[in-house]
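Following: one structure in structure tokens, then a few remarks.
For reference, chains read A, B, C and D in written order, and residue numbers begin at 1 within each chain.
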Amino acid sequence: MRPTLEAIGLSRRFGGLRAVTDVSLDLAIGELHALIGPNGAGKSTLVNLLAGELAPTGGTIRIDGRDVTGWNNQRIARAGVGRSFQRTNLMQQMTVLENVRLAAQAAMPARHLLRRAGREVALVRQARAALERVGIATEPDRVAGTLSHGQLRQLEIGVALATQPKVLLLDEPLAGMGPEESDVMAGLLRELARDHAVLLVEHDMDVVFRVADRMTVMLDGCVLEQGTPADIRASAAVRDAYLGHDV
Amino acid sequence: MRLAELLAEILNGLQYGLLLFLISSGLTLIFGVMRVINLAHGSLFMIGAYVAYVIAGATGSLWLALPAALLGGALFGAVLERGLFRRFREREHLDQVLLTFALILLFEEARAALLDNQFHSVAVPAALDFSVPVVGDFAYSAYRIAVLGICLFVAALMFMFVERTRLGSAIRAAAENPEMVDLLGIDARRLHTLVFAGGTALAMLAGALAAPLQSVYPGMGDGYLIISFVVVVIGGLGSIAGAFWAALLIGLIDTLGKAYVPQAAGSAVYLLMACVLLWRPSGLFARA
Amino acid sequence: MRSSSWRGNLLLTLAALAIACMPFYASPYHMQLASTAMIAAMFALSLQLLLGGAGMVSLAQAAFFGIGAYSVHFLGRLPGGAPSILLSLPAASLLAGTAALLIGPFALRTRGFFFLMTTLAFGQMLFFVFHDTPLGGGADGVFIQRPALTAFGFGFELTRANRPAVFVLVNLAVLTAMYALLWRLMRTLFGHALLGIRANEHRMSAMGHDVLRLKLAAFVLSGALAGVAGHMAALTDAFVNPELLDWHRSAEALLIVLLGGIGALHGPILGAFAFTLIGELGQSITERQRLVEGLVVLGAVLLLRHGLAGLRWRRAVPT
Amino acid sequence: MLHVSRRRLLGGAAALALGRPAFAQGAPLKVGLMLPFSGTYAALGENVAAAFELYLQERGGRLGGRTVTLVRLDDESDPAKAPQNVNRLLERDQVEVLVGTVHSGVVMALVQAARERNVLLIIPNAGNDAATRELCAPSIFRTSFTNWQPAYGMGKVLAAKGVKKAVWVTWDYAAGKESGEGFGDGLRAGGGELTQVLTLPFPETNFQPILAQLPGLGVEAVGSFFAGGSAVQFVKDYAASGLKEKLPLCGSGFLTEGVLKAQGAAAEGLQTALHYGDGLDNPKNIVFRAAFQQKTGRAADVYAVHGYDACQLLAIGLDASKGDARAIKPMAAAMEAAKIDSPRGAFSLSPSHNPVQTIYLREARGGENRVIGIAAEALADPGTGCKMG
């Protein structure tokens, strides 16, 4: 089965600093690919490269076989890549439903822009479905700014989901969550991977090893090890450099 | 085209550019460090000129008026920052535009109430009241050369202060990333008061220097307002070097434009700004 | 930006009726004052689309207002006498919209302070074009031939006596049409997208919205609406001058939007009437009206701190 | 007290909801003074208003048998607000006569109202030719000058002194161009030639580019038109660049009028042409200058003369129509036939209602523009394009 998103030899340099060097990985629908590594390993930079926030200085990115290297975040999102942000990046003054509805509206062709938003039942249904899936469908009319941290993280994913992407790039969705919330989220991640190609950037090793189908470990901008969770656990290189001996 | 004339025009351009630098250097610092748009900067130039008029009139010497404009400006700037601008630092651009728009009106009314609406001249200091034959039969006023020198001296002083001293580095840091200032353990409030006071002092010094050149009259500051913003935008926010080279560039383009392409001169400066913004949206010298 | 609820619309309708009945009870002067206030309201509404809509602070709005006014001058010089208002009004908004289309792509390459400065620069460039070149008929301004109030063969005889009353009604009609257009526009997907851009432009772009084209559309539409306001000013005063394009007029429009409350679509209408009333009061109390204007602006900026900063959006966006 | 500044609250304005008051013999006559009382031209506005009131006081505050109430309005020299300001005077304050203004853009709105409503308008300063040429009207009068007149006088003087080639330096706006035409006509009348007009965008004050070009133009004299702060700077820059000795500067009187002290030594010996100057020894002028000095504490200048004569002209009209400010025909007939005993010297009005006046040659000596001769005797503005409807 051809991967939905392929990154081949991806690199990014900021002047002398080589943030990401020659990283290749691919994401396929139905598979959850976890990306782990210490802080400063280049994980977020890689996500930004894949999402089009940063232009790569080397390598290529392909979505469904089409070369999208260098596209900006708008065109990549339209090409079917939804992403959530490490630091919550939502419309704080708008309601929960409106945040998600705007995401659902992104793919609408320009000629529909003058239609009355109230009449676009399909959009609202699509938005509510996303809210249900991430578990915050209870208070759609609440202003986003008044949500708890956990709920905001759920809304982050809801907004990414509402654009009906093929690929989901999730940047530390569990950050700042308690154990029970993490469990719920882990279930959700597993469930999302069924019909999306998911890239999960995460530090919570318990969750990662429980949900990941494949894993990539990064260190100092390079790929240290790639493979199934079992390969990663068995890899001496990873154990020495990163995991230590408690796994 | 006679070489003598071209030389004279270049000299004029440099003198006009350096005066612009004095005004816009304060502006670029205030915005760079405090992220505050000060449309009333032109009025500060006018107040500086009127300070020179009052003091030079009372004491008969411009040399007393210049330090008075500088120190008075610093004091006035500090009061303005503490009293008003402090509360507008995080506010949106709209609030800052309207606050300073109100200040333009209030400063103009205060001037009209305290002084009168007549045209007043400020005597060029006797020591400099002669023309220096520069080239061929074109002579250049000694006072203008003195202004050129003073501006260069102030520019050099500012470079050393901003590039060499600790406080200077704090200002550069703040210009690049306002949040970082708090992390570095620098008292941001004191830094802002200092920067605003410095910027105001520079604008008022420029006004005092320009007073003998163009005399003082109601609304004299308006002309310099927009041109100094153009210098800041072209030079890059918070960059003293940017303001310096941009001011010289505009001084030359404006002067040479008026000499050789009078019709286009009016909008030449704005076209330059538009081109710079297209090529480098954050200004020529702003750190990327 | 909240669109007014039905209660708000009811109040606005009552106010409109009160103005519509002015010809029966008001003096010519008060009718002219109402026309001035309504033209200021149209101008501020065009800015509200940019400011309350997409969160863009522009100082070029007066330039488009002036171009709309001068288009009546250009049309009047064409052979065939005064054009009907059905021709001159769309022509004015088209010309102003085209100017916005030419400037927009350049200005939109920048953001925040630089966008403000770029619009200021382009606005002043247009002011100098109309002030220094013969294009606009000279620096002192020109008298213009008023467009004929004829529509579909039904002409309206305009005499100096009934002119204030006719203009109150015509200005009211155009203001109402503009408000209805914007009220409906903010309910469309386009309107919601603009509000999204104002709330978080980066996230909108990350979602896949073509943010640049949406902002350009808002910039051009607001330029065209400013052209309509300019046209109505030219129609009412029959005199246009380069100072209509000066940046101080744009700053006044910003103040009007702030006075009325940036968080509501009908804010500018309240702000325009308040600004005109304050100007009138100030002018009749003291010769020092610039002092009054300065204090009003200072007060509005200091006192309306919460009004502007704290956007308490109960119902953030109408469904 | 005759002089009424704005003192009514809005309440007063609301009371005006009643229709236009019918003319009643003896009812107070309201005259609107629309002048700049703030901004760059404030000093000019103040002088015009003070001199206007001076003559009114001399007439005991009554013209044509009616007590005159003056309604002052600050037009801020802002053309964008002019239509609304004119409406305030005519509709809200119900003034029957308009007097104004300085800025030629603002005067256009006054001219429009005067032409449309057939209201008497007396222009005490703005010199744009159009107001008494193509835009002339039976109810529009001017007691100041057209930009063409003083410059024509200066051109004639230079030509008489044998100057063959001269250049005109000014801003690139109406007043600059119109005075340039006058200067050129004056030169040609005496066999000279205006080779070139050097212009700067208005209100630019960086004169250095122009000054550096002058030596290379091969002309014998430089004429110019600037006013206010820019006139001060231009004259001082001209002297500082050492051109004064080799290339004499001259120009329309406004180059030094009211700003001579501010120009100081730089203006010494500078010749200008204007319809007024210091040292005019006619009796009316001596009395006027003393009275103006006593009333305002300031020396009278050409702007004060304009204001004073505006009131004299109004008096002539109102006396003829026995106070009915709407009877344009009888007022116009009297004003057109009148000979105004002005401090500048008696003058009458040309058919297009612009003063036919003597342009004096003046030289700046010791802080005064001393009249040293006559540049043009009883000069009338051509008034081209004026069809008195």
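The definition used in the following text is that contacts are C-beta pairs under 8 Å (C-beta built on N, C-alpha and C of every residue); 3 or more make two chains touch, one makes a residue touch a chain.
Treat the numbers as computed from the prediction; the structure is a model and nothing was measured.
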Of all other chains, the one whose Cα centre sits farthest from chain B: A
Between chain C and chain D, centroid-to-centroid distance (C-alpha), Å: 36
Inter-centroid spacing, chain C versus chain B (mean Cα positions, whole Å): 34
Centre distance in Å when chain A and chain C are each reduced to the mean of their C-alpha atoms: 43
Centroid spacing, where centroids are CA-atom means, of chain A and chain D in whole angstrom: 75
Multi-partner residues of chain C (at least 2 other chains): 128, 132, 288, 290
Overlap residues in chain B, where contacts from two or more other chains coincide: 108-109, 263, 266
Residue numbers of chain A (touch at least two other chains): none
Chain-level touch network, classified as line, ring, star, complete or other: other
All chain pairs that touch each other: A-C, B-C, B-D, C-D
Chain A - residues contacting chain C, complex: 51, 53, 72-74, 77-78, 83, 85, 89-95, 98, 101-103, 105-108, 110, 112-118, 120, 141, 143, 159, 163
Residues on chain C engaged by chain D in the complex (per definition of touch): 25-30, 32, 36, 128, 131-132, 138-143, 160, 236-239, 241-244, 246, 249, 277, 280-281, 283-290
Complex interface listing, chain D residues touching chain B: 38-40, 42-43, 46, 172, 198-201, 203-206, 208-210, 212-213, 215-216, 228-229, 232-233, 236-237, 240-242, 246, 258-259, 261-264
Residues of chain C touching chain B in the complex: 51, 57, 59, 106, 109-110, 112-114, 116-118, 120-122, 124-125, 128-129, 132-133, 247, 251, 254-255, 258, 262, 288, 290-291, 293-295, 297-298, 300-301, 305, 308-309
Residues on chain D engaged by chain C in the complex (per definition of touch): 5-6, 8-10, 12-13, 16-18, 37-38, 72-74, 76, 78-80, 82-84, 87-88, 91-92, 104-105, 107-109, 112, 116-117, 128, 130, 172-174, 201-202
